[in-house]
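Each of the two complexes below includes chain A, the first together with chain B, the second together with chain C.
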Partner chain A sequence: MEKVGIVGYNQVKLYSDANYGRYEMIFEAVRGAIDNAGLKKKDITTVISCTNDYYDGRTISNCFTVEVGGGYLADESKVEMDGAHGVLYGLMRILSGNHKLAVVWGGSMASCFPYHTARLYETDPTWERPNAYVNDITAAGFQMRAYMEKYGVSAEDIAKIAVKNRKNASKNPLALEEAQNSNITVKDVLESDIYAAPVTELMVAQPCDGVAALLLAPEKHALKITDKPVWITGVGWNQDPYYLGDRDLSGSKSMELAGKMAFNAAGIKNPKDEIQVAELFEAYAHEELIFSEALGLAEKGKGADLSSEIDGKLPINPSGGAIGGNPPCATGLIRIIEAVKQLRGEAGKYQVKDVKKAVASGQIGMCAQNNILYVLEGGA
Partner chain B sequence: MSEEKVIVANKGLVRAEFNFWVGRYMDKFYDGLENKKIVGNKCPKCGDVFVPPRKICGKCNVVIPFDNNWVDLPDIGTLVNYTITSYKVNDRSDRKAKPQIIGMVRIDGSNTGIIYRILDIDSSEVKTGIKVKIEWNDQTKGDPSDIKGFVKV
Partner chain C sequence: MGRQVAIVSAGFSEHASKRSDVNMGELVSEAIEDCLKKVPSLEINDIDAYVNGNMPAFEGSNIPELWMTDWMGARNKPLIRITTGGTTGGSVAIAGYYTVTAGLPGVETVLAIAFEQQSQGDTSVGLASVAYGEISILNSMGATYDHLTRLLSGGAAIGAAAYQATTYMNKTNITEEDLARVVVQNRHNAAKTWWAHLKMPDLTIEQVLDTPYIQYPLRYGMVCPASDGACAMLFTTEEKAKDLCDIPVYVNGVASVANESAILGYDGSGSAQIDPSMQLGAIRSSELAYSQAGISFPRKEIDYVEVYSPFPNQELMWVEKLGLFEEATAPEMYKTGVTAVNGELPVNCSGGVNSTNAIGASAMERPAEAALQIMGKASNQVPKTVHASIGSGWGGSLNLITLMVMADEPQRKWR
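Presenting the complex of A and B:
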């Protein structure tokens, strides 16, 4: 694959109920990314936005973000998935050879609408929706149980992931305040409100308000913009069937295939020995285990044995992951940004040592129906 | 800060309800429900049996012809998964008085799971692998609500 560089990024502080509007939030993220990279509006040749009409409460919701997203009288189009899928579109735009600088931004404000209720709209309107038994939370209840029962994994093992990520989030100044907790215990997680058993409140990546932006450029141009580019050396994406009843929810076939595709592109043969950090979009604590196993970082059912703390053998979600704050349509994009920070040595208190290669993932759909994985490498 | 926020809600200004046509295959399925019968269909290529029936087998990427391939199935199945929640799925600001058990059931003779409530069972007694049976509504209408839920056999 030709080299495409990440030449800038920016993320706003995540809030459960931000006291400013999404219009300003988008501008802050995008303008900040451009300013941080020492660029100007006229340098942007294409803009990819990532939002969701249901979450924005209007149709073709990118029409109101033209001015703030850098798309004023410019080439702009939208991806209605996770921000990490927006990056795929941006990557393709750059690889087409027609663009020198792509802005990819994504995000929303979950404080404005009942997020979990809106997820009911993903279900089949001619069959499952009228019954209203399935939203993202009940689906996650099925997924967690399927994983636990297949491999004999305990709820404690899964709660430990929530503990790790909430502790990690406390070191991340941009994480959601409600998710930051350096004193949290496994007991706290297990005894928190039952959302859909066995899933409890503190295992959930709380939907929140936030926007993030990323800048992409072709190799030659990237080297002119920054002396610290991060290269996208592999990407893979795949999707599972639509109906939950058709799927084996104990694993993630789509993440497995996405991983193979990305590792193959990046020439990675043994991911667990060749990458130094992973930022995975875990909408629920158990998904971090399912994904790390699907990516071959651990054997099936053994994800909980991984040494994945910040100073562990293979740190996963040192930023706090999605549990550290989950602004719909931005979360996967933030995972990529966090991996970039690790590669550039800009992760502050949660910096992992000697990061040369990192992976970052995004997802969308019930029980992570669609997954995308990036392999990123540092160095000019 | 939030006390000072001015909130504009979109209530009652727009009313645009969708009326989805369920299609011929689901029409036949709902006719079955009205008669308290479960009808599935079988992929001519891989042999998977779908409940509800489908026009296309995604795995084989083929059309399952409408004129045959129908399979009559029992109203009994296996509980393959479940979750328990007090929250209303369609309105999380509200809780039910009693937690509901939502189960994924594989109807005997089919290869897919369908999602319904599990009724009349204590949450401590629920486990995957138990046999369950449809509890039909007395008055059926030919829609998803004809199945009240599943009960332990």
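Presenting the complex of A and C:
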């Protein structure tokens, strides 16, 4: 595929209960991204928003965000998935040759709605929703158990991921304050409240308020806008079947196929050696292990042995990942932004050394039913 | 640069006010089956990627394609979801075009699906929240709860459309009879379309004008029904399309442009800052899409039109705003039969949204029917040969317009 440039980005600080409105937040994110690239409103030709009607409590949730998102009289549309899927649509629009600058923004305010109740409306309305036994939390419990049983991984190993991400988050000024903790221990994680055994509270990426925005441009145009463009060289996305019994929960086939598609597009043969940093949307700590294995960054069942700290062999989620703050519809977009920061050397205290290629992922659904993966490369 | 995209097929489910014989997944698979059976050399496994959408609030099911994966045959396939309210179908079709034109490795044949099963929930309640959302803003502006009740009734589509209709009528001096004439043409056309909902082959203007008002000037008999239904379209590359069907329909221009949302007015009472019948979004959409398709004289170059018009005044408005007729001349065209099936520029021969409205699917049914007319496979096929056609969508708070321009020849001028 032709490469597409990321020329600007912005993310608002994540709050568990932000003291300002949705539209202000969207405006701050989009305006910040345009300023970040040194552009003007008139340069925007297309806008892709990522929101969800259920999360926003409003039918056609994008209809009142036209002006604040920069979409007035621009060609605009909405992807009702993760922000990372919105980037896919923005990317397609750039590749079509119809557009010169795409704004992709996504986000919501989880403080305004009961997140896990809204998620319940994503389940099968006939068989599963009425008794609510299968929902995103219990499904995560099943998945963590399935992964532990199959590969003999202990709960401590998974808690270590939560510890790492919360410690990383403490170095990220934009992360959720409640998730930042530089003194957290494995014991703290295992002894926190049980969500759905064996998943505990501190292993969960807690929903919060936040919006992020990203600017995309075709190769030639990107080089004019910035001298530090980051290129999207590969993308893959895939959806698993719905019923948990139809899937092998100890792995993620959709992530495996998404990875294959993205690595194929980017010409990556051996991801483990060619990628220097990964930003993965882990809604629960164990998903980080399952994803890194599905992507071939670690052998099956050996994800926990990977040295994935900021100064490790293959850092995963140096920004703190989704556990560092999970604003629905923005989290995957923030993963891409964090990977861009690493490639541009703008990650501050959590900067990884010598990053040439990075991957970033997004997801929706129970046990990450639909996954999307990007391969990003730095350098002009 | 993007590659040329072609439509190979389009399919529909049967539409009715209550399709209680099927669930949402089954409804969708009906449309997919109809779409794929027209392309016998293609199997469902040959589809590389999916795009789909509906208005999730109407059925009370968020992101329903998660559990509907298998009904679409999308197991372990790339899939994305696009929703933009009333324009969802149009936006999904446009996303189908972009998915093919982007030229991502391994993605050539894309199935776009739009659906709605309104009998599962309450559409008006779903629509009311469009205008009802900003309670905090309204309270801070001093609106009382009495206002809020009014806003709820104004929030559903007809409340907003009535303001649009009256401002348009004020500008153009058209009568209610002109509106009824549009309805009669649509319902007669619907009678010849197999999948349509309100089939009324003998409807007269008097009968329409005899029904009670819902909100002036829109009468009960003038308004679209609430339908259950689904639509599917198959997009692929130019090379593949030539192998798959006799007359591939090339997508030459797409646009979806929104005007400002303030059009409803903050208290929903029509005290809007801008004229709701001005429709800058439609004008800008047509500029963009026509310039991509290399169309300079839409009236001459376009042979067939499908516009999204749940209310008859909108049909008159859109054909003018999309550059097909001069301002305020559309009613005359309906009177003289220019827009009839055998007319010079047939409009909505499928019966349009006015006769069938499964909201999420409606805006896709427009380009789907417009494409079938070029292929010569539409139910109510026009007698003349159709070389170029357009299909539009309308949604948001009166302000978002999608447009797809199709032709039997690929257009490469603009590339």
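Methods note: the second predicted complex is superposed on the first by the 380 of 380 C-alpha atoms of A that agree within 3 Å, B and C clash if a C-alpha of one lies under 4 Å from a C-alpha of the other, contacts with A are read in each partner's own complex, and residues count from 1 in each chain.
We adopt the following convention: a contact is a pair of C-beta atoms (placed from the backbone, for glycine too) under 8 Å apart; a residue touches a chain by one contact, two chains touch by 3 or more.
Please read all numbers here as calculations on a predicted model, not as lab measurements.
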Touched partner set for A:Ala197, first chain B, second chain C, both or neither: first
Touched partner set for A:Glu274, first chain B, second chain C, both or neither: neither
First, second, both or neither for A:Gln239, with chain B first and chain C second: second
When both partners are placed on the shared chain, which of chain B and chain C touches more of chain A: C
Which of chain B and chain C A:Glu80 touches, first, second, both or neither: second
A:Pro125 touches, of chain B and chain C: first, second, both or neither? both
First (chain B), second (chain C), both or neither touched by A:Glu178: neither
First (chain B), second (chain C), both or neither touched by A:Leu249: first
Touched partner set for A:Gly57, first chain B, second chain C, both or neither: both
Touched partner set for A:Glu309, first chain B, second chain C, both or neither: neither
Intersection of the chain A residues that touch chain B with those that touch chain C: 57, 125-126, 241-242
Footprint of chain C on chain A - complex, ascending: 1-2, 52-54, 56-60, 62-67, 71-81, 85, 88-89, 91-93, 95-98, 118-119, 121-126, 235-242, 253-254, 257-258, 261, 264-265, 364-366, 369-370
Chain C residues touching chain A - in the complex, by the definition given at the top: 1-2, 23, 50, 53, 55-57, 59-64, 66-70, 74-86, 91, 94-95, 98-99, 101-106, 126-127, 129-130, 132-134, 254-262, 280-281, 284, 288, 292, 395-397, 399-400, 415
Touching residues on chain B, where the partner in the complex is chain A: 1-2, 4-5, 10, 18, 20-23, 26, 52, 58-59, 81-93, 99, 102, 104, 106, 112-117, 128, 143-145
Of chain A, residues touching chain B in the complex: 17, 19, 57, 114, 116-117, 120, 125-128, 130-135, 137-138, 141-142, 145-146, 149, 194-199, 241-246, 249
